[in-house]
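Next up, some structures in structure tokens.
Each of the next two complexes has subunit A plus one more chain, namely subunit B in the first and subunit C in the second.
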Partner chain A sequence: MGAVITISLNAMTLISILMLVGLGLAIIYGLMGVINLSHGDFVTIGAFCLAIIQGLGGSFWLALLIAPLIGALLGFLTEQAIIRFLYARPLATIMATWGLSLIIQQSLQLIFGAAPQKVFSPLTTSINLLGVNYPSYRVVMVALSIAIIVMAFVIIRKTKFGLDLRTIIQDRDMAEALGIDTKFVYSIAFSLGTALAAIAGVLLAPLTAVIAQMGINYLAKSFFVVIVGGAGSVPGVVAGSLFVGGTETLLNYIVPTTLSQALVLVFAIILVRVRPSGLVRT
Partner chain B sequence: MTSTHQKCIVSRRAMIQGAGAISLTGTSYLAAPSILYAADKIKIGFHSALTGLETLLGETQLNCFKMAVDEINSSGGIDGREIEYLVEDNQTTTRGAIDKTRKFIFEDNVDVIIGMITSLERTAALSVSAPAKQLLIYPTYYEGGECERYLACTGQIPNQSVDPFVPWITENVGKSVYILGSDYGWPQETAKAISTAFEINGGTTVGTEFFPFGVQDLGPAMDRIKASKPDVVWELFAGADALTFLKQYKSFEPGGFLLTNGLDELFTTAVDGANVEGIIVNQSYFSSLKSSANDKFLANYKNRFGQDKWVNAIAEATYIAVYLYSKSVEKAGSTDTEQVIDAMAGISFEAPQGPVSFEGSNNHLAVNSILGRCRNDGLYDIIENFGAITPTVAGCSLT
Partner chain C sequence: MGRISISHTPLPKMSYLVILLVIAFVYSAPLIVGTYSASLLRDAMLFSMIALGLDYLWGKTGTLSFGHATFFGAGAYGAAIVSTKLGLDPTLGSWLGLISGVSIAMLIALVVGYFLIFGGVRGSYFTIVTLALAVISEHVIVGWSDITGGDAGLLGIPPLFFPTLSGLAPLSPVVLYWFIASVVCLTALSLWWVCSGRYGLILKTIEDNEERAQALGHNTSQHLLTVFVGSSAVAALGGALYASTVGFVAKDIVGLILSTQVIIWVAIGGRGTLIGPVIAAIFVIWFEQRISSINVQLWPLFMGFLFILAVFVFPNGVLRTLVGILRKLGQRLEHRV
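Up next, the complex of A and B:
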């Protein structure tokens, strides 16, 4: 029984990591169709925000509030300066965002140096869950991830902004004809995506090395989650994360980690072959 | 179709240019009288992990390289010849290491190549430099086993790190070990040396596992450590992944005393002290060593690169590499690669870590083997110094 709980908690941790990073990308790539290769770097920006705020004496929770604002602001500027000119040219977007990614990484390294940034976990104790000791920070991270996913779901399904966004995705020209300010909605949606990436960065920082290149590790996986789950919806991200994170963790108990990551890729390729639109069809 | 066609033209043009360059270089060598050539500057090519997985180590390594070159130049150069250097970034990749090694040898005509962090960079660079009969000096501690005339190593190999460390562990800490590391050459081969050493000293290996670069969740591994109840956990993660391990190991506290030969000041000062306090590390150098040579070395470094900065063993071994080359050229009286390599054997001097000497039979350096216990500030209290140990590479006899 104890083993089952630990395995589930470990799976939940990886699933949460994937959900957090995948969610912002699902909005930018899944909903807007923009292939944003700098998404991982907004995760890095979030983690650096935490390091800076903690360095100045601020708390982890303060960073959790400020990082998404900075992520949103930088995302808004990126959209205004680069992305909005390229909606009709997906290939150019790939090049532009890849360039942006390199610029962000090198700028961070030039400003802060190559040494990893120091961050402190807000919780260092373990809690007892159904007879199993598990690090409390991980439990909090899982809970916050679920809360963020639910919030994103509500914003997209229940608010006027969400309705506008979904209308634009179905038919941009018609939406514009109906009086929806499509440019405004797109720039807000892009900022929302980068804000979510920055939150992910803050939440991941206590588990990993905070360096200028950390985002690379998350980029491929998050595209993976969005494509497997079904591009274009919040439930798709949840399904994709459950599939990728769950399978990887379970396999990890049977075969070496390197092999389990490779096997997940194989399963994902088979899955995309069988269900080309992903686990959740829109 | 178009792109294939264009590629074809480009490669043909590049080939013609390349052929031209080679013939030109050949001519200039033949034309230049040897006295004029000898009066030139000495050119060192440095390439290392300035971006990618090992970025956190590459920066300090480059700093120490520059510092050694500048010190030698300001004291009159090598036999009156000034050293000039070129710096390239191999991005911690095999491809990058091959490209930059080629560039240094065939375009820049460097006299020696120094640098690199991971074994994958070294192996890649060596595949170009050894056939070209070009000297390469590799300063990072590694898994051992290289027996190559054109490669000189100035970092620890397992008989200098693992072999003296393990008897100390089985006597003072415990006899069962769980080994975890990144999935590539250095951790895999070092793990074998660790298991063998534990066996010899009456210990056992209760688990060994490796993880892909960029691993995000080590929860399942922590579970397995907990289940196998080792006395000792030995970590061999590369670059940034080592910090992921340290943070997650601390949060799970799966049991077992953490120790390694793969951590240093640059890692442990970059995380919350609570994550690293108490870890015991074997290295050839620690910033906290007390000696006049190290005091001077560290003071110079801090004056130049920042008072809050520290030097690790890899960077100090890179500093040694430049001096080793400089002393070998002086001894040989020439930069001719063959003569320099012959001159290296037996060179010894006082390094920041203590006395070191070069073993000509396998082209490795007799470096120190020192145990440090990590403090809350990420620096190390020296708890044992095994002194300089002669490197051994099985079956190797280069002289």
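Up next, the complex of A and C:
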């Protein structure tokens, strides 16, 4: 029984990170049809923000506030400088954002070096959950991620901005005809997506090695989240994260990590064949 | 992407001259630049096979693969494993390795391609899944170290043996160079020949409007799958030849960095021209070695800028952009006169 609980808690840790990274990606893809290959690097930027702020003596919670602001600002600049010229050229966007990704990774490595950055977890205790001792930081992280996802869901479902967003996802031309400032919504949505990635980076940092290339693994996985779940909706992202994160964590207990990652890919590809529009249809 | 197509228009006379000059240079290179530089050129030509394969896929059907190095790597590792781990006689093992390497890569492409293409995965989605394929293949090569040698790679791959007057023997460096140059040229010419007629037009139709191509009675999924498997076979042939030529394989010949570098070669060389990506591959590899000799970390940074340049400044390749500028200048001059 204890093992089952530990496995589910471990799965929840991965799932909650994937939800945060995948949500940003799904909004950007579902809304603008833009595949942002530099999305993973905004996770890295979030993690580096934590390292810098803690290095200067700031606390984890301060970083959790500042990192999304920096992520949003850099995301806004990216949208203004590169993405907005390429909305009609999807493959060109993929190439340009990949170029940007290489530039961010390599600049971080040139400035900070190749060694992992030092970050500290804000909570070092563990708590007893259903008879299992589990690090309390991970529990807090899962709770925070769920809170953020719920918040995003409420914003998309209940606010004026969310309504505009959903209108554009359904029919961009019609939205424009109705007087929605699509360009403004695009740049705000893009910045929100990158801010979410930066939050994921801060939350993730104490659990992993903070290096310039850390984003790439989450990039590939969170794309599977979006593909498997269906782009452009919060429930789709949740379903996709449950599938990708759950399968990978479970498989990790049975087969070596390498094989489990390859198997997740195989499952995802088969799933795409069976349900081309994703688990949750929008 | 740009809607310019030169695949079905007759080539201008100048380009025949350029192609002839390039081929003449490639064949005479070992005599001009010396054996060492020729061996660098030889390796660059083997890598350019990935560009050829990718251009067959991306240039002709508009489907971009972000994981084409996977097939180069599958070809190389397949060849390496079969020729070193099975205890075969090297004279036979090297050829068997070549065949198995290409077959393994084609099999991977067939399985992945079947599920994706017949599952209706197109455009950006396809690109993303192939990107994941590149990430995973890198993990597999590093993690499955009893077979692939992990980080250390595999050494001691036998060269290809050819019948000579004194029995079976490997080729001398210069002849091996000519052999590889011929394989690359023949592959490029056959792809060009295959795509120059009706078949090329069918692929172009699929790129422009797949539904319409279906309405005209073409099984577009089958066409795309054939191109995908064919293009991986070209890349794998390059990989398998690379393994037997260089004698070792390491993990840097699979994975994302090489895969995306290939995209740069094709984009800069001019998508759909076949010869352009090969030339660009050779130039960019030469440039990479220059930059990396200053600082290894500078190259990925350069590559990042190249991507953004390729998108904004040379959307149709360097050559076509230059020709376009020259033509405009010419018109302006004519205007004045």
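Heads up, the rule we're going with is that the second predicted complex is superposed on the first by the 282 of 282 C-alpha atoms of A that agree within 3 Å, B and C clash if a C-alpha of one lies under 4 Å from a C-alpha of the other, contacts with A are read in each partner's own complex, and residues count from 1 in each chain.
Keep in mind that, in the parts below, contacts are C-beta pairs under 8 Å (C-beta built on N, C-alpha and C of every residue); 3 or more make two chains touch, one makes a residue touch a chain.
Fair warning: this is a prediction, and the values are worked out from it, not measured in the lab.
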Clash or fit: what happens to subunit B and subunit C when subunit A is overlaid? clash
Between subunit B (first) and subunit C (second), which, if any, makes contact with A:L265: first, second, both or neither? second
Determine, under the contact definition given at the top, whether A:L73 touches first (subunit B), second (subunit C), both, or neither. neither
Can A:I17 be said to touch subunit B (first), subunit C (second), both, or neither? first
Where does A:Q109 make contact in the superposed view: on subunit B (first), on subunit C (second), on both, or on neither? both
After superposition on the shared chain, which partner residues are touched by A:L9: those of subunit B (first), subunit C (second), both, or neither? first
A:P135 contacts which: subunit B (first), subunit C (second), both, neither? first
Touching A:Y253, do we find subunit B (first), subunit C (second), both, or neither? first
Of the two partner chains, subunit B (first) and subunit C (second), which one does A:I211 touch, if any: first, second, both, or neither? first
Just to be sure I read the superposition right, which of the two partners does A:F120 touch: subunit B = first, subunit C = second, or both, or neither? first
Among 112-120, 202-210, 220-228 or 274-282, subunit C clashes with subunit B only at 274-282
Please identify the positions on subunit A that touch both subunit B and subunit C, taking each partner from its own complex. 105-106, 109, 216-217, 256-258, 261
If you look only at subunit C, which of its residues touch subunit A in the complex? 1, 62, 64, 66, 112, 115-116, 118-121, 123-125, 127-129, 131-133, 135-136, 139-140, 142-144, 256, 260, 263, 267, 297-298, 300-301, 303-308, 310-312, 315
Subunit B residues touching subunit A - in the complex, by the definition given at the top: 50-53, 55-56, 58-59, 183, 209-212, 214-217, 219-221, 223, 239-244, 247-248, 250-253, 266-267, 269-272, 274
Within the complex, subunit C is touched by subunit A residues 33, 35, 37, 82, 85-86, 89-92, 94-96, 98-103, 105-107, 109-110, 216-217, 220, 223-224, 227, 256-259, 261-262, 265, 268-270, 272-274, 276
Could you please specify the touching residues of subunit A with respect to subunit B in the complex? 3, 6-7, 9-10, 13-14, 17, 105-106, 109, 113-121, 124, 126, 135, 137-138, 206-209, 211-214, 216-218, 221, 249, 252-253, 256-258, 261
